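Two complexes follow with chain A in common, the first pairing it with chain B and the second with chain C.
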Partner chain A sequence: MSTALSSAAVPVRRRFKIGAESRGVKLLLPALLLLGGFFLIPVLTLLLRSVMEPAPGLQNYVELLGSQTYVRVFFNTFMVAGVVTLITLLIGFPTAWLLAVLPKRWSQLMFAVLLLSMWTNLLARTYAWMVLLQQTGLINRVLMAIGVIDEPLALVNNLVGVTIGMTYIMLPFLVMPLHATLRAIDPSTLRAAAICGASRWQALRLVLLPLALPGIASGALMVFVMSLGYYVTPALLGGTNYMMLAELIAQLVQSLLNWGLAGAAAFVLLVVTLGLYAVQLRYLGGGRTGFGGR
Partner chain B sequence: MLLDFDRLGAWRWGLIGVGTVVMLFLLLPIVFIAALSFGDSQWLVFPPPGWTLQWYQQLLTDPVWIDSLLTSAKVAVIVTVLSVALGLLASLGLARSTFFGKSALQAFFLTPMVLPVVVLAVALYAFFLKLGLTGTLTGFVIGHLIIALPFSIITIGNSLQSFDPALEDAAMICGAGPIEVKWRVTLPAIRLGLFAAAVFSFLISWDEVVLSIFMASPTLQTLPVLIWSTLRQDLTPVIAAASTLLVALTIVLMLLVSLLKRGTRS
Partner chain C sequence: MTTPFLQIRGLRKTYDQVVAIDHVSLDIQQGEFMTFLGPSGSGKSTTLYIVAGFQGPTEGQVLLNGKSLLEVAPNQRNIGMVFQRYTLFPHLTVGENVAFPLRVRRRPEAEIKAKVEKMLELVHLAGYRDRLPGQLSGGQQQRVAIARALAYDPPLLLMDEPLSALDKKLREEIQLELRRIHQETGVTILYVTHDQEEALRLSDRIAVFSQGKIEQVGTGEELYERPTSRFVAGFIGNSNFLPVKVEQMGSGRARAVFPNGHAVEGAASALAAGSEGTLMVRPEQMRIRPAAAAAGHGLAVTVRDMTYLGDSMHFAVQTPWQQEIAVRMAVRDGQGLSIGAPAVLEWDAQHGHVFA
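Let's turn to the complex of A and B:
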């Protein structure tokens, strides 16, 4: 009976597959046309303008990398992204660790909080921090009430505000994948370390951290790259004096109509982003979450 | 020992301490905004001196807010339908065929997800200025669709992967035509993936700010664009009310997804 079935199945399967193959390519057409026409062409045109406007040549790149103002923007961008990545790692690793060992009932609750924070509208979350961090905001008032400070700290319209807001937004993006990495580690490796006489610190340093390293590296890279391209949160919490790269691109287009320079800045951001993404795919096995900063 | 909750010893309390602080850090701003949206202080004093619904009233009686809310909903619904349809076609095409350059094409489909949105926004803005599509519903839909589509393709592609194509063969042996097979066997089998793709696409479009800022005109704007331009002027509690409604919508959608997941597991 099984042979009868399989011998009948082979030609059908082959017939089906041949049909599916030619149809398969046709099925890809709508998505291909959309992304080709409204994604690839516009982006390439923008990049092309960086070497064509106002005159052919590399002068936009010379201006971008030669001017004090723009170098400052690059410095701000990379510094904020670096600091945010570091803080996110420092508080995200213990959180992911706790999430991996907690009894299910509690870890589900933590997951719900992470998801809620992640899926809540970005502007709503940024607004919350604008209100919390302002001169007369809750944070300053509490710090003054308990006597830590005498005068309100400047927590918004500078890079401190951007860093706090960005850390808040990035945290779930690190904790979720890192938790999956920690979950996948076999607990018996740590039991073995204990039997061999390793102290807790030794087990952490020599077993847990090395085993978790791919997850740590890939999560950190993702947070770093996403932070580089963020627009909304830095623009609202950083004010006009502390600009980051994405905001610079928007400003160049909206206020200065300098498309050539905007194209050059976009190219730099694109190269860094796609380059680090390639590193992620090549060495760390790629993440499923989106990279693109909002 | 380090991955065993009961044998973490004193470290357990360290982890719980950090975890609790992080959870409060994530939760408090959201709770804080919800509380302020009911407070009667124009300057967002916390705790508020009294309670009121006036910000909600202002929000829901102002035609500008209502218009933007309707535009957002309209765009999000159209994007959801198109994103699921195109995503389904594309992931069927990718799952069942082999051709030269398939993995490159797959990577191309996912690039809008990797690219910083501001680059796409500026590029599309220039393109749409030439085509006269800025400030139109079509402009919003195309922009949102491009960033929603990769999520659709991934989600539907994942559920197609766990679907055994032998079931399609079986249906064909039983005499079903190719379209009937897709309609009565494949689609019902991957309906969870389709639903998840729809929820993701809706939320992505509904929350999208950066692209929308560039697509918007004074007469046509989505809710996030209006929140954005209001926020650049002042921190009115009306925004707190709008934010709280958005959080409520997120919670409803999350509950819907988890209920559906639970429903299929049992």
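Let's turn to the complex of A and C:
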């Protein structure tokens, strides 16, 4: 762009811009180096290997998207991520709303519970779900004892188990941004809706949900994207028959040493994620909470 | 007599041990502009919120056209309300905000469109239909809120300190608008404010609230000229309160004696002879004259301060018992007075009110 600009104004503006930029860059340098060295270069290397190994070309992508097995893994991944996002929303929205409207003492208590579960070791929580969900686990035994079911339900080593475990783990990542958005909504806005004649359902649909949309979108995106690449919980609760993408990549690298195919899978995941993020930026302004002018 | 349009009957509201309002009763006529005036925490907003349906009373009844409102959910009451803060829906345009109550009532699209135009014209914001609330000034937002509250022709419009967030000039401008809108639409308005000037400017009648009770209900003139309590006298307009002892009582008029022995006749009073009280006189209803010209009539005072205010003179005078009293007079009546000089304070008997 600098070449296209006429000579008079350019030097001043550029000097100013460079000055400002270089000052910012200096501060950013450690982070940039870290990201460059340990994220960008490995990702690029992986991407490169996906089109170079075993021979130059797109055969890894063809194999990935052409094989029934791999397509099934993609399908599992997106379906689980979608279902987890949906269920997390259904549970998370009322939770975030409660947190926003409860008296401070109660909301602090609820927050403490939420944070505590988040801070507990992921592996420990996932094993805890295995114990709860297995054939002779607490949930099956209780359900059989009260006569809801006769046979134990298959709650683990399948996508049901993965969905349950991941929903639980993802909940805080939705509740936190959503809570911030909801708390910024003036309660008298809802009173105004009621006095205008809106039923509870209309107030929710026409006022609360649209106002909460930026929070819903950023929370849901966070959950969806995190779910797409989640490894530990699907690996432990999903068993071997129901594989998700992160597991596939791990297996391709660790057991089969097929870096090319793993790179292709990782790259597809990255593209999808970036695409979703772009959509959110485009339509919801990057998930900022609240609306301008208030 | 026909049943009053809106009847508030013995309302009482307690939170735990705290009594927010206590036996508030009031009848409001159709088309009336009624203001609840009082300091914060006096129960005026609580009463309004009970009428709106956001709170339920501990005791009492609210009747609109003879039918109880309390059983009806807020969204079924068909009442309009304008809030203290701008509660427009920030994601909807001005036009959609005004259309909102009509949309939730599932009115036909053509009717909604016509009504929105009409309401925006009423509040002089016809060109602003497609703006978002965030692009409007506070005064404009509040006018949109009024348009939204009136869009479904509610029989009753509640306003909870709607102008308190605006600056003085804008406030006065919208007060005029409100009077015009009230006259044009004939809607009954219940208006809550802590600003006595605003109350006087707008209302047909004012109910003065204090500590959860209605102290007095009347037109602005009645409240100003004939306050029935010291609180009302102090809250509406400026007042001087002088300590007196009631000596004789007859037909609502008292002979009141000041601490220095000076006595005045004919002050309005409900106190029994022999009781201690306070005599209230408005600053502009008092006169002072140089002592030399007065020949012993009136209360002897000393001029402490004089302030020229253009349309009037403001005096601070000191009584023999060291109380400072405010007096306001026309500039030409203040001639011959000077700071530090002895003077005589007088007022017409009917302007004195004795309170407990």
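In the analysis below, the second predicted complex is superposed on the first by the 243 of 294 C-alpha atoms of A that agree within 3 Å, B and C clash if a C-alpha of one lies under 4 Å from a C-alpha of the other, contacts with A are read in each partner's own complex, and residues count from 1 in each chain.
Going forward, contacts are C-beta pairs under 8 Å (C-beta built on N, C-alpha and C of every residue); 3 or more make two chains touch, one makes a residue touch a chain.
In this text the structure is predicted, and so the values were computed from the model without any measurement.
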| item | value |
| --- | --- |
| Contacts of A:R125 with chain B and chain C, given as first, second, both or neither | first |
| Which superposed partner A:L98 touches (first chain B, second chain C, both, neither) | first |
| Touched partner set for A:A250, first chain B, second chain C, both or neither | first |
| First, second, both or neither for A:G197, with chain B first and chain C second | second |
| Comparing the two partners chain B and chain C, which touches a greater set of residues in chain A | B |
| Which superposed partner A:L206 touches (first chain B, second chain C, both, neither) | second |
| First (chain B), second (chain C), both or neither touched by A:M110 | first |
| Shared chain A contacts, counted only where both chain B and chain C touch the same residue | 191, 193-194, 200, 203, 207, 291-294 |
| In the complex with chain A, residue positions of chain C that touch it | 52-54, 73-81, 83-85, 87-91, 100-101, 103-105, 132-135, 145, 148-149, 152, 158 |
| For the chain B and chain A complex, residues of the former touching the latter | 1-5, 8-9, 11, 14-16, 18-19, 21-23, 25-27, 29-30, 32-33, 36, 43-46, 86-87, 89-90, 92-94, 96-99, 105, 108-109, 111-127, 142-143, 145-147, 149-151, 153-154, 166, 168-169, 172-173, 178, 203, 207, 209-210, 213-214, 224, 227-228, 231-232, 235, 239-240, 242-244, 246-247, 250-251, 253-254 |
| Interface residues, chain A side, partner chain C - complex | 186, 188-189, 191-200, 202-203, 206-207, 210-211, 291-294 |
| Chain B-touching residues of chain A, taken from the complex the two chains share | 8-9, 12-13, 16-17, 19-21, 23-28, 30-32, 34-35, 38-43, 45-46, 49, 91-92, 94-95, 97-103, 110, 112-117, 119-132, 134, 136-138, 168, 171-172, 175, 182, 185, 187, 190-191, 193-194, 200, 203-204, 207-208, 228-232, 236, 246, 249-250, 253, 259, 262, 266, 269-270, 273-274, 277, 288, 290-294 |
